[in-house]
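Just below sit the structures, each encoded as structure tokens.
Both of the next two complexes hold chain A, though its partner changes from chain B to chain C.
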Partner chain A sequence: MSAVLEVSNLRKSFGGITAVDGVSFEVRDGEILGIIGPNGSGKSTLFNCVLGQLQPTDGEVKVDGKVTNGMRPRDINRLGVSRTFQLLQVFPQLSVRDNLILAGQEHQGTMFTRLIGRSDAGLGPAADQMIEFFRLSHIATEMAGMLSYGQQKLLDAAMAFMAGPRLVLLDEPAGGVNLTMLANLRERLQAYHAERKATFVVIEH
Partner chain B sequence: MNRAATISIAFAAAGAVIAPFMLKPFGIFLISMWAVLTIAAIGLNLTLGYAGQVSMAQGAFVGIGAYTLALLTQAGVPYPIAFAASGILCFIIGWGLGYPALRVQHHYLAFVTLAFTTIVFLLLRNEEWLTGGIYGVNAIARPVFFGWSTGKAMDYYFFCLGVLTVIAFAVWWMLRSPWGRAFVALRENPVRALSLGLDTRRYTLMAFAIGSSLGGFAGALFASLVQFIEPASFALNRSFDLLLMVIVGGSGYFMGPFVGALVAVLLPEWMRVTEGYYLIIYAALIMVMMPLAPYGIVGLIERGYKALTVKRKPPAPMLTPERTAP
Partner chain C sequence: MASFIQLLVSGLATGAIYALIAVGFTLLWQTSQTINFAQGEFVMLPAFFILIAMNYGAPFWLSCLIGIAVSIVVLGIAFKYIIVDPMLKHGVLPLVISSIALALFLKEAVKDFYSSQAQPFPVLVEASDVHIFGAVISSQSLVVLAVAIATVIGMTFLLNRTRLGRMMQATAQNPTLARILGVPVRRMVLYTFLLNAVLCAIASILISPIYLAKFTNGETLGMAAFLAAIIGGFNQVRGAILGGVILGILDNLSAAYLSSQYRAAFPLIILIIVILVRPQGLLGRVEERTV
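Coming up: the complex of A and B.
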């Protein structure tokens, strides 16, 4: 199996504080890698460096063998890397279905064809499948901001899969979720992994 | 769009067509002004209401559009070309003004756009060789299309209404397309939008440019409506008026600018019976309305309608988790 993600000697400093200091690891195709550490140990900073939301001070990140240092988050996303965030990051004024369509629409056609084409960018059936897969059918037309925390967490995870990514970085998916909801989320993520052979990196405490 | 909204819009459209036949010339002038300013407010609603980019420059774009049309038509350029040039020029300038929005947000961006409005006002006032300075430009032509002259008030109103209809349809189309979703994403969570592959940079610039170009088109219509323009018409108070229209009507609601412009154009006129007190009463009404209806009139109507019609749903089959600190 080839390495989907390679992180070599990654370092990120904020002034005098070094949040990530010489981290190296690799994730192979279809693998689930867990990264565990206490609050403030730099896990989310590591993800932000991998995703291009922060530029590493030193070291190298490769996705499918391609160096991504200096690339913008949207370009890294185009390489098939998706993520969830530690704190909820759904779009509260859009419906669940629209959140999912939005999560995949930029991978469909060009900006111009998205303007003149179908309002769902051809992603309506895929969004409906994802809604069913993550058991969100009963709230598909609700505004995301009206959902409970756990439901938003499920939606957040579902959004990360809409574009059919090669690699998904899950930042504390269990954070603030009760045991019943957590079991539901874990079961769905395992099912997705089994069905699509997706590659995951999971951060947890 | 639900049935109630469709019926309401159909009635409003019918009212807009019938209204001039029941009004005197000044009344027709007022509803023409409503149509013109609605276009400018639609542009600001796109930039501010949907894409979340605070702009205090819409009045300046109305001015740029007005002067472009006035100067070009007086130089002998055919009206349709001058009209198109007004929108295109504002699109280009708006694209440029969007660049600061890539670096600053909220009140910082408001000050950038406010400074732009001041610069435009000073240029219009001081560059007398081009703009006529404080004397402005007069005798601005109204268009003639295939023998149909829009010189009379009612004809020009229907021309404005036609342009408003075309622009409203185009904006409605854009907002229901993936672009509309992307604009909302920009407003609500640009970091997440970026991580989902959205080109937030290009969408931000587009929101500014398209919103500005609508200001330009409104300015072109404004110039031919009043047939005399001078710099004071496009100073900061014009931008504040347009902002008021968007906020009062309902920022981020498609119908918000229509209602907001109606309130901002007609309410002061209706209240003139109170003579010297009308501005005080108008301002007090706005102050009372904002805390009571922060989502604007359309937002208030929508929430009221939902409260009346939505039945209580049975609890969802999932347990609701507690929100705890991570």
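Coming up: the complex of A and C.
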């Protein structure tokens, strides 16, 4: 199995504070890698560096053998890397379905094709499938901002999978979720992994 | 009853124009935290672009297209790159002050380089009266209402039923996530400025035959749009539409039935009541910000 993600001697400093100090690991195709550490140990910063939201101070990140240092988040996203967020990130005034369509890389194209193309960008069936898979059918037309925290967490996870990613970075998926919802989320993630052989990196305490 | 219908239709027409201006106001706020106090002048100016084109012999319809195109360049692209982008880096307040300065500059520039006199502006249709339930309604009011409603429907369609609109909404609601998902956020913000310029130009074409083209028009229109946006909800497009319509109707009815001398005071009274009872506006939503 080839390495989907290779992180070599990654370092990130903010002024005098070093948040990530020489981290190295690799994740192979279909593998689930867990990263555990207390609050403030730099786990989310590590993800931010992998996804291009922060530029590492030193070290190297490779996705499928391609060095991604200096690349923009959208370009790394297009390489097939997606993530969930520790602090929930959804589009609160868009429906669950529209959130998923947006996450499915419907933004590709020109201004003209975005104006006259199909309003669901051909991603409607995929969004409906994802809604069903994550058992969100009863709230598919609800505004994301009106959902409970647990439901938003499920949506956040579903959005990460919409574009059929090679690699998914899950940032504290269990954080703040009640036990019932957590069991549901875990079961869905396991099912997705079994079904599609997706590669996960999971951060938890 | 007949006079009430008459006032209602003409109030709706004025309100629909206020709504167009207020919608631009809220769009700029949502996507880039730009509070544009020159919005009234942005409506005043396109009328003069059109008059200049007509002075060069272009027919009215062509002049309108030229006016809209020049507005897109000057009030959309140039405004964003020359004033908003450099100022926004320093915070919202410097941008607010800059937009007030821009309003003064545009007003004085029109006065000095064109005319301080009110200029007649062509009407979209020849004046005639239409009888509805005994009320005499001017065809001009109906056309203004129809064009404004069509513009609002078109804009709502763009925002809610196209991929481009969904990306613009995503940019307004969560730019960080939008950027990660690959939405070209900077370009979407630019499109919002272009959309605002088009809305201002259309409002200008609709209102100038009524108010005449005058360098001071922006003072009233800017204030009306600002009030409409706050009353309806600064962070909701549909709130701005509602605020504009309420303001237009209130303006007409209060002048006729209460006091024409105090007509300017009634919107402010409504504003105070809304701020006291529902500070987020009639359709607005509460926003939390960490500072």
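One rule holds for everything that comes next: the second predicted complex is superposed on the first by the 197 of 205 C-alpha atoms of A that agree within 3 Å, B and C clash if a C-alpha of one lies under 4 Å from a C-alpha of the other, contacts with A are read in each partner's own complex, and residues count from 1 in each chain.
We adopt the following convention: contacts are C-beta pairs under 8 Å (C-beta built on N, C-alpha and C of every residue); 3 or more make two chains touch, one makes a residue touch a chain.
This structure is a prediction, so every number in the text was calculated from the model and none was measured.
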Exercise. Putting chain B and chain C onto chain A via the overlay, clash or fit?
Worked result: clash
Problem set entry | First, second, both or neither for A:98, with chain B first and chain C second | both
For this session: Scan A:172 for contacts with chain B and chain C and give back first, second, both or neither.
Result: first
Exercise. Can A:53 be said to touch chain B (first), chain C (second), both, or neither?
Worked result: both
Exercise. Which of the two partners, first being chain B and second being chain C, lies in contact with A:62: first, second, both, or neither?
Worked result: neither
Seminar exercise, completed: Of chain B and chain C, the partner touching more residues of chain A is B
Exercise. If you stack the two complexes on chain A, which partner ends up touching A:188: first (chain B), second (chain C), both, or neither?
Worked result: neither
For this session: Would you check which partner chain A:11 touches, where first means chain B only, second means chain C only, and both and neither mean what they say?
Result: neither
Exercise. For chain A, which residues lie in the overlap of the chain B contacts and the chain C contacts?
Worked result: 51, 53, 73-74, 77-78, 83, 85, 89-94, 98, 101-103, 105-108, 111, 114-115, 117, 119, 121, 159
Exercise. Which residues of chain B touch chain A in their complex?
Worked result: 174, 176-179, 181-182, 184-185, 187-189, 191-200, 202, 252, 316-326
Exercise. Once bound in the complex, which stretches of chain A touch chain B?
Worked result: 39, 51, 53, 72-74, 77-78, 82-83, 85-87, 89-94, 98, 101-103, 105-108, 111, 114-117, 119, 121, 135, 138-139, 148-151, 153, 159, 163, 172, 175-178, 180-181, 184
Seminar exercise, completed: chain C contacts chain A in the complex at 158, 161-164, 166-167, 169-170, 173-174, 176-184, 191
Seminar exercise, completed: Touching chain C in the complex, chain A uses residues 51, 53, 73-74, 77-78, 83, 85, 89-94, 98, 101-103, 105-109, 111, 114-115, 117-119, 121, 159
